[in-house]
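In the two assemblies presented below, chain A is common to both, partnered first by chain B and then by chain C.
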Partner chain A sequence: MNSPLTEKLFDLLKQVTGYIYPNEIEVHWGILVVVYPYLTGLVAGAFILASLVKVFNVKEVQPAYRLAMLTALSFLLIAPLPLLLHLGHPVRSYEIFLNPNFTSAMAMFGFVYAWYLMVVLILEIWFTYRKDLIVWSQGETGLMRWVHRAVALYSTDISDKAVEFDKKMVKGITIIGIPSAFLLHGYVGFIFGSIKANPWWSSVLMPIVFLFSAIVSGIALVLFLYMVITPLRKEKIDIKCVDKMASFLFYAVIVDFSLEFLDFIHRLYESEESINILSDLVMNKLFISLGVLQVLLGMLLPLGMMVAIRLFKFEEELRKLLYFVSAILIQIGIFATRWNVVIGGQMFSKSFRGLTAYKMDIGGMEGFLMTLVLLSLPFIVLSILIKVLPPWEKPAKGTTEGGTMERSVIG
Partner chain B sequence: MERRRFLSKFMSIAASATVVSGFFKRAVARTDGYDPKGHYYGMGIQIDKCIGCGKCVEACKEENNVPKEPFFFRTWVERYVIKKDGETSVQNTDMRIERSNEVFTERDILRSFFVPKLCNQCDNPPCVQVCPVGATFKTEDGVILVDDERCVGCRYCIQACPYGARYLHPERETADKCTFCYHRITKGMLPACVEVCPSQARIFGDVKSSASPLGRFKRMNKLHVLKPSLNTEPKVSYSGLDGEVR
Partner chain C sequence: MKMFLQKMPDALKRVLAVFVLVAAAAVLVRVVLPASLTDSRLHIKSTVEREMAHPVRYAGSEACADCHEEYKVKQGGYHKNLSCETCHGAAKEHSENPSELKPKLPRMREFCAGCHTYNPSRPSGFPQVNPAAHNPLKVCVECHNPHDPKPTRTPQECSACHAEIARTKELSPHAQLECTNCHTVPQEHKLAPRSVRAGIPSERSFCGKCHSKDSGRKEAPKVDFLTHGEKYLCWQCHYPHMPEVQ
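Let's turn to the complex of A and B:
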């Protein structure tokens, strides 16, 4: 009875070098588990960028504030999907909510996710848009009027007092939101970092590295989306906003790089039992994805570009181009980071005596096509959200400033 | 007012969900007329007695419906060959795996031995710690079991096991591992691997009883466990374990 799985495993067996435990030939966490931390990282990063506006009063990033919030929401809505599809028994997933094992980091998923979605993102977005929704619905007819009224939960109060309350709530939620975003992605890092059986994962730095790489990828994504969507709307890109986002990106990349470098040096210096197999892993299995994609293209090259922007006074167009390229390179780099953690951690045997192999399918539940679908779904959700909750259009009545509307409505 | 009502409604739903979840019980082993109290099981393995015949692996696969393919094992036997030049070669002795045709001459070999491996039934089991739904649990008599009606197939336990003792059952899509043949030992029988071992390399019993083969094994040998630094506290102990074994 040679099922496709066993045929695949027989095939993989030929690529094994050294000795692996016999049960280790199957790579248990495949590409879908790579996608999950990638998506949640984008959520946490986009949210932290948005909270800079509200908590630290970074006015320059205001034009991207609502876009960042909607981005976080659309990615968060899709983030559990790869996990669900990866389960052997997806219909039993409710057990994680009803029967959580409190010693399991993974069981906290339900709580962390629900908290972040319900208490942080949805509430903040609701308070941010409430007044606009009411104003919009007053000037609309047909379906959109009903949608906007329903999303506003049929509230009608746009008195100064109510709007003031909204603002206060947004600020309050953002203050809760920052530690929550840290929790959301830090906990994903903890899922890996707390596995003592796996020396590639087991590191106290893992949650922090995850967090900073999340901030890097989130800022880069919002930067990218802002630079793509604004010209599509035939508007001018606010260079101050882009400069500011890029400067935050720059600092985040530096912190992220330092942390990962520290982790690397620490491992090398301690030189524990696993060091030989981990060196083999990096030099053989992860050379392209870690050496080239993650470090060279995804980190050093964008870092170099951003340093160049700071050293030389490039003109606006060139700066924009460099930012745009950096944002894309960083996305590739962070995806490679997730790959190196998740797949890399399963490419060596816990006997420390051999390396195994991973072969991604094209079709199927755990395949390449499914990955593309899962990676594009958040963008589809985002485009729907932008239709329903336009982050920039239709200034509310009584606003005057000629620039972006957000400043007048919520700033 | 409206906001407040919305918020309080949300809070009450969340609170009632927590209460409801309290009614669901932890997984338990199903055994009839057997009292787990007073038992605490463990295994001793005498490396010097294992001849690498693989009968234990066959018996285990038969007894527990373990898939026959060489990627799913509840127990397996490793052959270690340590050469005079210091190089160590390890192989799974399973006949279903195509092996390299490396031939060792007696002149090259420093020492060679077989090591049966299985779930260590850790007293401090990382798999139980990480299972998000409590499907993997420790019984009162110290055996780590998987409730395959509760397991969601997330495979976190497989990642957390330092010994590679777990696999995902390809048909059931749930985690699977050695149970010490729980269905047999609760009826007073021996695990299948122990029963068939022709050289009595495996000794099964109660870790607390001294008047038993396991008690004698523990008195008469210097013992070691696998990966002690991970503090998993295995209940499978080895005599004559070589430092090369991981």
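Let's turn to the complex of A and C:
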């Protein structure tokens, strides 16, 4: 009788409060389902930051443009992994393309993902890098020459006309890309928001809250990566670029905070029959992850720091430090947001009379170690992408500029 | 067409070529994959065929009725909803060769205990015993005819069949109340519990005898029956065997 499952349930039983139905004791969507919206959020956010450069012509962010695109791609490549691991049978996943179910929001994800990956991200990156790939391959030997030539699809045309066409395409794709990025992450919020039986999830605000938290996390991630990678390359951080990214981050955090606050007030004012159990949930089970991590450390503290930067004219080094700390705190906060949505929504009973608990495993397919692996994989992919497609290499001499992150801009 | 292709920028041609290749690969996969993997109707058909290929091992109760008198007895008793083969095992071969191939006759206590061991998840009134305490040295069929099973004597206590309710009630504020205090129990209920049911209170005033404001029972919690619960009967919200209000 003392199977590991029995022991786990026995441990959980002691933490159950009030009355719950027997099938509610086990939380089925575990940490992997928390990681998934976190990763897609970073993709959407990083892409929207990159699109600021191309569509809204924000010149200051140019040095981080290519880095943001590669970040979005590397996180997007890993984003479906937590779902595949959680569901099992990953080789069956192509079935959703072969037998599309148009009435299932979850099944439609495959198409949203494929559209975003193939039509938006890869295409935009390809047009951005095409000229540089050709130029690099001309001056290289060995394996890298062939890799660059293959990635450029063996195209050789670097005439002004061709480069001009590349630029036009990049701009066009970015314009399609913004609604696509909204679709990608708004869709994740839609999945949760449309579960009408669950009062913690069911809200029309859910897609838009997800979207803005995605933008916040994506900008913070690119800011963090830029501030880590640039000194590693022994280059000077472009403070104008960092200031601009931080100011977008600041506005995004304000909108995100207002939306979440609106959601909170709305729930309080509506005071549906679930309000008692939800307040119990927030005050007990989610107090640390929601009250402390998400709101206090992940939102109010960074917001306070950024307000302070605006009010007092801090010197450059202190500003960088505060931005850096804010970016990290925001990542923790957004991860806690995903945790509170996914895990929080499964902690209370449908009877509205009791709460269960979630106990994360250390090892195993759905455990803590697997989560660490999944969260570090995008960084490994990113480092490979940076090797193949360096976002900061200056194009070879004698060619026209192609919107690269120029050395001259940084140094 | 040729003009159009010539005008098209080189980069776009290459990208389109890749997309055409991907689309062609998708179509190829679609064509190469056997239809049984992609067509759900074929999928169902092949499943049905696979299942139908299994040998038939059961004969069905009607086949037993032709030869065995016990079938009629069973149809009049508590086991009427059980198929003969539930206890005697698959009997298709026996029905085809009755004299040589005999079905099994389960006489072990463990066999009956499979359904009749006490288990709180079984419905109230379902006959349940503790096999360790209930005549441990005898086989069940010595006292109970499996084709028409009955208790050997009429149960005197309600707890003989409603053990779970009795145990719950013992711990509740209603522990001191007899079952018959609230339920009317005709004598026939003990002999044919499913056809003659025990009665349950159908008036709010019944609970009001103890729980209304003007009741003389001081220890019972009081409510105002004019405003509390409106049109509902008390037991529709409060479980009388373990009322939650102290």
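To be clear about the criterion, the second predicted complex is superposed on the first by the 388 of 411 C-alpha atoms of A that agree within 3 Å, B and C clash if a C-alpha of one lies under 4 Å from a C-alpha of the other, contacts with A are read in each partner's own complex, and residues count from 1 in each chain.
Here is the rule we go by: a contact is a pair of C-beta atoms (placed from the backbone, for glycine too) under 8 Å apart; a residue touches a chain by one contact, two chains touch by 3 or more.
Note that the coordinates shown come from a computational prediction; the quantities given were computed from them, not determined experimentally.
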item	value
Clash or fit, chain B versus chain C on superposed chain A	clash
Touching partner for A:196 - first (chain B), second (chain C), both, neither	first
First, second, both or neither for A:118, with chain B first and chain C second	both
Partner chain in contact with A:4 - chain B first, chain C second, else both or neither	neither
Partner chain in contact with A:153 - chain B first, chain C second, else both or neither	both
Chain B versus chain C as contact partner of A:104, first or second or both or neither	first
Candidates 2-10, 38-46, 146-154 or 218-226 of chain B: the single one with C-alpha clashes against chain C	2-10
On chain A, the residue positions that both chain B and chain C contact, one per complex	97-99, 118, 153-155
Chain B - residues contacting chain A, complex	2-3, 6, 10, 14, 17, 20-21, 24, 26, 67, 69-73, 76, 78, 88-92, 94, 97-98, 117, 126, 128-135, 150-156, 158-168, 170, 172-174, 230, 246
Footprint of chain C on chain A - complex, ascending	94, 97-99, 118, 123, 126-127, 130, 153-155, 157, 161-162, 165-166, 169
Footprint of chain A on chain C - complex, ascending	9-12, 14-15, 17-19, 22, 26, 29-30, 33, 38, 40
Residues of chain A that touch chain B when the two form their complex	3, 5-6, 9-10, 13, 19-26, 28-29, 83, 86-90, 92-93, 95-101, 103-107, 109, 114, 118, 153-155, 191, 194-198, 345-346, 349-353
